[in-house]
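First the structure, then my questions, so here it is.
A, B, C and D are the chain letters, set down in written order, and residue numbers restart from 1 in every chain.
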Amino acid sequence: MEFRLSEETKLLKDNAGRFLQDRCSSAFLRESVRGETGFSTALWKEMAGLGWLGLIYEERYGGVGGSFFDLCILFEEMGKVLLPTPFFCSAVLSGLLIDEAASETVKKELLPPMIGGERILTLALLDEGGRCDFSDLKMEARKGGDGSFVLTGKRILVPYAHAADEILVCAQIAGPGQNGPTVFRTTGRSQGVKIVSLDTPLTGEKLFAVFYEEAPLSRDDILGVPGRGIDYIEKVLPRAIICKCAEMVGGLARVVEMTVGYVKERRQFGRPLGALQAVQHSCADMQMHLEASRLVTYQAASLLSEGMPCEKEIAMAKAFCSDAYKKCTWSAHQIHGGIGFTEEHDLHFYYKHAKASELAFGDARFHRGRVGEAMGL
Amino acid sequence: MRFYFTEQQEKFRCQVRDFLEEQLQAGAFSVHSASLVGPVSREFSRKMAEKGWIGLTWPQKYGGQGRTYVDKMILNEELFRVQAPVGYHFSADRQVGPALMKFGSEWQREHFLPRIVRAEEGIDFCLLFSEPNAGSDLASVATRAERDGDSYIVSGQKVWTSGGHDADYGWLLAKTNLDPEVRSHLSCSEFILDMHAPGVTVRPLVNIAGVHSFNEVFLDDVRVHERYLVGRENEGFKQIMAQVDYERAGIERLMQNYPVFSRLKDHVLHLDKTALDAGRYAWIRDALAGLEVDFQTGRLLCYYTAWLVDQGGNVSSQAALTKSFCTQFEQRVNDIALQILGPVGQIGQGGPWRPPVFIEDLVESYLWGPSYTLQGGSVEILKNIVAQRGLGLPRA
Amino acid sequence: MEFRLSEETKLLKDNAGRFLQDRCSSAFLRESVRGETGFSTALWKEMAGLGWLGLIYEERYGGVGGSFFDLCILFEEMGKVLLPTPFFCSAVLSGLLIDEAASETVKKELLPPMIGGERILTLALLDEGGRCDFSDLKMEARKGGDGSFVLTGKRILVPYAHAADEILVCAQIAGPGQNGPTVFRTTGRSQGVKIVSLDTPLTGEKLFAVFYEEAPLSRDDILGVPGRGIDYIEKVLPRAIICKCAEMVGGLARVVEMTVGYVKERRQFGRPLGALQAVQHSCADMQMHLEASRLVTYQAASLLSEGMPCEKEIAMAKAFCSDAYKKCTWSAHQIHGGIGFTEEHDLHFYYKHAKASELAFGDARFHRGRVGEAMGL
Amino acid sequence: MRFYFTEQQEKFRCQVRDFLEEQLQAGAFSVHSASLVGPVSREFSRKMAEKGWIGLTWPQKYGGQGRTYVDKMILNEELFRVQAPVGYHFSADRQVGPALMKFGSEWQREHFLPRIVRAEEGIDFCLLFSEPNAGSDLASVATRAERDGDSYIVSGQKVWTSGGHDADYGWLLAKTNLDPEVRSHLSCSEFILDMHAPGVTVRPLVNIAGVHSFNEVFLDDVRVHERYLVGRENEGFKQIMAQVDYERAGIERLMQNYPVFSRLKDHVLHLDKTALDAGRYAWIRDALAGLEVDFQTGRLLCYYTAWLVDQGGNVSSQAALTKSFCTQFEQRVNDIALQILGPVGQIGQGGPWRPPVFIEDLVESYLWGPSYTLQGGSVEILKNIVAQRGLGLPRA
């Protein structure tokens, strides 16, 4: 057991933290979200310039060759300011999927511009019911002549689909000598593809529905080996989940910081709010949830990073963080009172983020199910 | 003991239901959860007035019906079941009227009560209690009302004023004894303030659901005639303590999300159980039954509190206890509804596309979540009241 | 809606409360439990003399002809002192079963001495696994010749089986032209019946295992109509559950009273414990749980008493009280600190009673299942 | 960051496990949950001493091994996994030793430490902190130690003294400055008290599980030589604050019910799922997985705290946070276990018959429940510490 961050990691953390704090004022973030793309392209370029998008990818693709653990630390820092960017969908979900699935040629084609921030990728995972059910993809790529396909199905809650150069999606190949679940590269501008903006008040990320109605695809649009689509995605999800947890830990850390800061300053009944026992106990609970969330998340991140088996640890992290973060945002609101209930205050970003993150990739109950499986139950 | 309603009460409930059904059919409003007290519609309030349902519990000499609080609870239960747009008269009916009957002058009663009961134009009230430094802690009120001849000159800042932008009058708490040695409890008074008077500025506040429902109100040398002083000078605190009980004793704190709750039950009833993992369905069922238990228990507490009001006792502690129980239900119902629906639940009504599985207002209701346990006394304050006034524990 | 107790009920409540407070000092209760029977026979006689055992039974059987609601009020008062007696198993479980099932002759034989306290009855409900599974009784009455039966099976957690003159048990009649589930009258002293004392630290009631190994029975031992055993029991259980809830409400009321009294007196950090905000909030929560428990219980008791349909209300009462009572005993212990953790203090009786009551007749989760059923889920 | 153990640590764990397995085989003790710290067995402690496992973290000059607190956590985890009978040396090892090394005189160190490390006869310590009017609030300590020549005369009453009836020595907190004007924080001192000295009376207290584990201790003019004063006169409070961290930083607060938890998992693993309602099994699985998440998270917190101790920092707040988290798990595990088992779960070991489905110690563990969140600082006190010392919030 060693709980100290390595010197390099600490450096990354400090630099990233400082950069984000400098650049991502609350006003800046509010402004960015309002634009067409839903994020600041200028900042996005800068992040790419800092090597963040390529942090975990090999140098030959323009990456930094850093550890997955460091990526989690970066997500924790981004979670503190709740920076909305396509980082997660492009450099984690899609990038990892390409890294797992694609041929060397395709990796060389896709990863460098992704890492450079010039090309944005996204992954369409959830069906119309919001489920990710590998036993029933509800997305069919019917074989046409000469190796062509026709794609039909609906995907929703797809991040930044409007800004994405490519949308990856897993579909069941159907037709003579069917090939099973397969990842395809699609674009929102193609024939038969419709992108519809969704009203999702909880998320900073912009989310879309992507409808495929007999969208034509070619054999070249297949990513990796036909029939192995689910295997690829299942290799990506654990890391995506832990990046999400790290982001939640960052958000939670900021919520605790905001709340403790507030109760030290705010006076009520003639003394600081923080002198009230009920407030103190609530703050202590938040701190306890924060430390525990961070430890379970770091544990999974570290084991994943070292390639050790950790299915149970991943599930524990998502189960614990989902509940902890949400509970703490409730407490924070309760302590802040009216001021925290205004749009002007930043607290609500975390309140929303906590709930949206709980729902993403399975809530606490879902992951306790996974823990149960790992226990042999 | 009798845990059902009399025939007369059932009949009354049916009348209210029929009226509301009629209004819904006529498109007078739509069922929409989330906001704290339904939207403002003078037209709707006027129709209610015609039925005699404003001032239901008030004495007949002020235009009321002299009926029980249990009847009023029945009325409110039905109104909130469909989130009827009662905003125009709600504060006046719930708090202002009872306060005037208890503390107001005869002129004030005659001037305001019949107009409220008839939902006349210009009687929409808001409450001007909270200030930036006096939220839960009203004793820190800093707004001053200085005597000037037969008037008071009021200056200060109020905040969290629900409906302040629509209101015609504000029910104001302000300091009338400015001697810093005198405790707030003995230095504040209550006034009725004309919101259209010179010096009143209302600045909208947008809440975290993106809705403008409350406001900051700036008072700059607003002149208030002494006949608008309610009750006795410097006794505002004593008066207000009795009044907020009415605010807390209602069923609205249990039913702000009734449409969401009801739609959730509907949704689960129509779930295709065969397509669902048995364990997950068992959990949904358990969670929903748990909500039902809490809802029905909260409802009992509400009716019990109303009944106690009818008995004429002091209900401070009981009202605080009831509200404390009910608001916690409000927060839980949205949380669980979103867990049951999963990721699609977070899609709101604003976009061009809605998922097949969809509960209107759900996300928005979740966003209103933090307010439930804050408005009208935070849960912490309510528990202090239960402990101190109800159980006789010493002040901290 | 009418929340006032009737004058008669109030009188009963006050008298019972005063009687129990006078007679059931903590020392007396501790003493009673230690004896052979596990309760004070003197007090038992007195209770019978007051008409309590016959409160709900018709006058022609020696009863008072009172309402079921009044019985619940009595249980609430008994719950306050946690009086251990066979009242529940004799005058509720068995008495009601006889009232439901038995012929007029048998009623006239059994009810008057039960009501007079001369005869103690009990009901054996739970199988060896602690379940009450009507679809698999695990208790067989095999037909012998000339209308005789041989009873085989195990029942556990049977109250006061050692002191009971009769033990009622529901068994599946097996053999030619089988007759289905049927209630039998048995005694612990008969051939083939063994009574074993159980170590049940949570209960004030003494509980036993009753083993039947080919115990001979005759046709006369059948209570009511053969094959209708479960119907009878299902008519009794709702009332038993609500008596249990009322007892829990009484226990909870006493816990709140003890705790509030303690925090007013006990000084810590230079002021009464009850001045601490955390303690106040905890007490307020307890009071909230008490009032809510009482209301849901009274609701079910009152509807039952008036013969109105109330399956859902019964389930709600047991679901709510089970959790509420337990939680409050935890809080009470937390507030009392070390002193409450000693055997000398009375608090632990309630701590135990809360948990045992939760487990009796289905816990909160079980009854939420019933609520779900009533909701059509 | 590294979330696994070194090879050396794994090896150490195996050694401990092998030793315990051996002892279990030999019938030296049996696995039994519930009690706060395993029973007293000098014989067992002596065997541990032979292995060098008492004073594991202490410097070699006092007979210790100079190893890390993480190693000690590994040792304790294995000991508590089987509830080994460590009662004889536990307090001395956990608190007395570290306190003497920090504040004791050279004579005290040489006199006690090597004997503790060797588990010699007569070194069983108990803690004499709490008093009838000074539980969570140690500042109200009233026991007096008055100077008399080269001795102190001690009078007063202590309570909740775990193991007081077996102990040879008591670690005593008493007032040495009797000036009522001086705050307790500046008027108390720490002593080592001979429990066999004239004037010491130990009265057993039976707890709600029916077990005699703690005591009242009456001190009647007990003479204590000044060389048994630990640290500086009147600085007992400052000293004690540092010491209790060791009490709180352990894994024992997470693992008092480990056997119950482990048997519960076993029980559920072997349930006949086909005989079970699917919904009920889903709930059991969810509940058990929830316990596992909390247990594993608590375990991480424990190791993290131990690691922090090894780094030499102040761990007050961290230890309080860890204990606060862990004790709540302890309370929940028994509650859920009983819900899973249902009515049969309440049958204890004492009767002549046990049900086929049975978890030893379960009821008894449930009876110990209230103590978990009280001993060694109630959860409330722990949260105060986290808030005030950890987060810098002002004193109430």
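One rule holds in what follows: contacts are C-beta pairs under 8 Å (C-beta built on N, C-alpha and C of every residue); 3 or more make two chains touch, one makes a residue touch a chain.
Everything numeric here is computed off the predicted structure, so don't read it as measured data.
*Asks:* Count the C-beta contact pairs for A-B and for A-C, then tell me which is higher.
*Replies:* Contact tally favours A-B.
*Asks:* Most remote chain relative to subunit B, going by C-alpha centroids?
*Replies:* Following the centroid criterion, the farthest chain would be D.
*Asks:* Could you put a whole-Å number on the gap between the CA centroids of subunit A and subunit C?
*Replies:* Going by mean C-alpha positions, subunit A sits 54 Å from subunit C.
*Asks:* What whole-number Å value describes the gap between the mean CA coordinates of subunit C and subunit D?
*Replies:* A distance of 39 Å separates the two centres.
*Asks:* For subunit D, write out the residues touching at least two other chains, lowest number first.
*Replies:* In subunit D, the residues touching two or more other chains are 279, 283, 285-286, 380.
*Asks:* Would you please write down the residue numbers of subunit C that are in contact with two or more other chains?
*Replies:* Residues 276-278, 281, 365, 369 of subunit C touch two or more partner chains.
*Asks:* How about subunit D: which of its residues touch subunit A in the complex?
*Replies:* The touching residues are 1-5, 9, 70, 265, 268-269, 285-286, 288-290, 292-293, 296-297, 300-301, 303-304, 307-308, 318, 321, 324-325, 380, 382-384, 386-388, 390-396.
*Asks:* Would you tell me which residues of subunit A are touching subunit C in their complex?
*Replies:* Against subunit C, the touching part of subunit A is residues 276-278, 281.
*Asks:* So in the complex, the part of subunit B that touches subunit D is made up of which residues?
*Replies:* 278-283, 285-286
*Asks:* Could you pull out which subunit C residues touch subunit B in their complex?
*Replies:* 1-6, 9, 69, 260, 263-264, 271-272, 274-277, 279-281, 283-285, 287-288, 291-292, 295-296, 298-299, 302-303, 308, 313, 316, 319-320, 365, 368-369, 371-372, 375-377
*Asks:* Could you please specify the touching residues of subunit A with respect to subunit B in the complex?
*Replies:* 126, 128-131, 156-157, 196-203, 209, 267-270, 278, 326, 330, 333-334, 337-338, 340-344, 347-348, 351-352, 355-356, 358-360, 363, 365, 369
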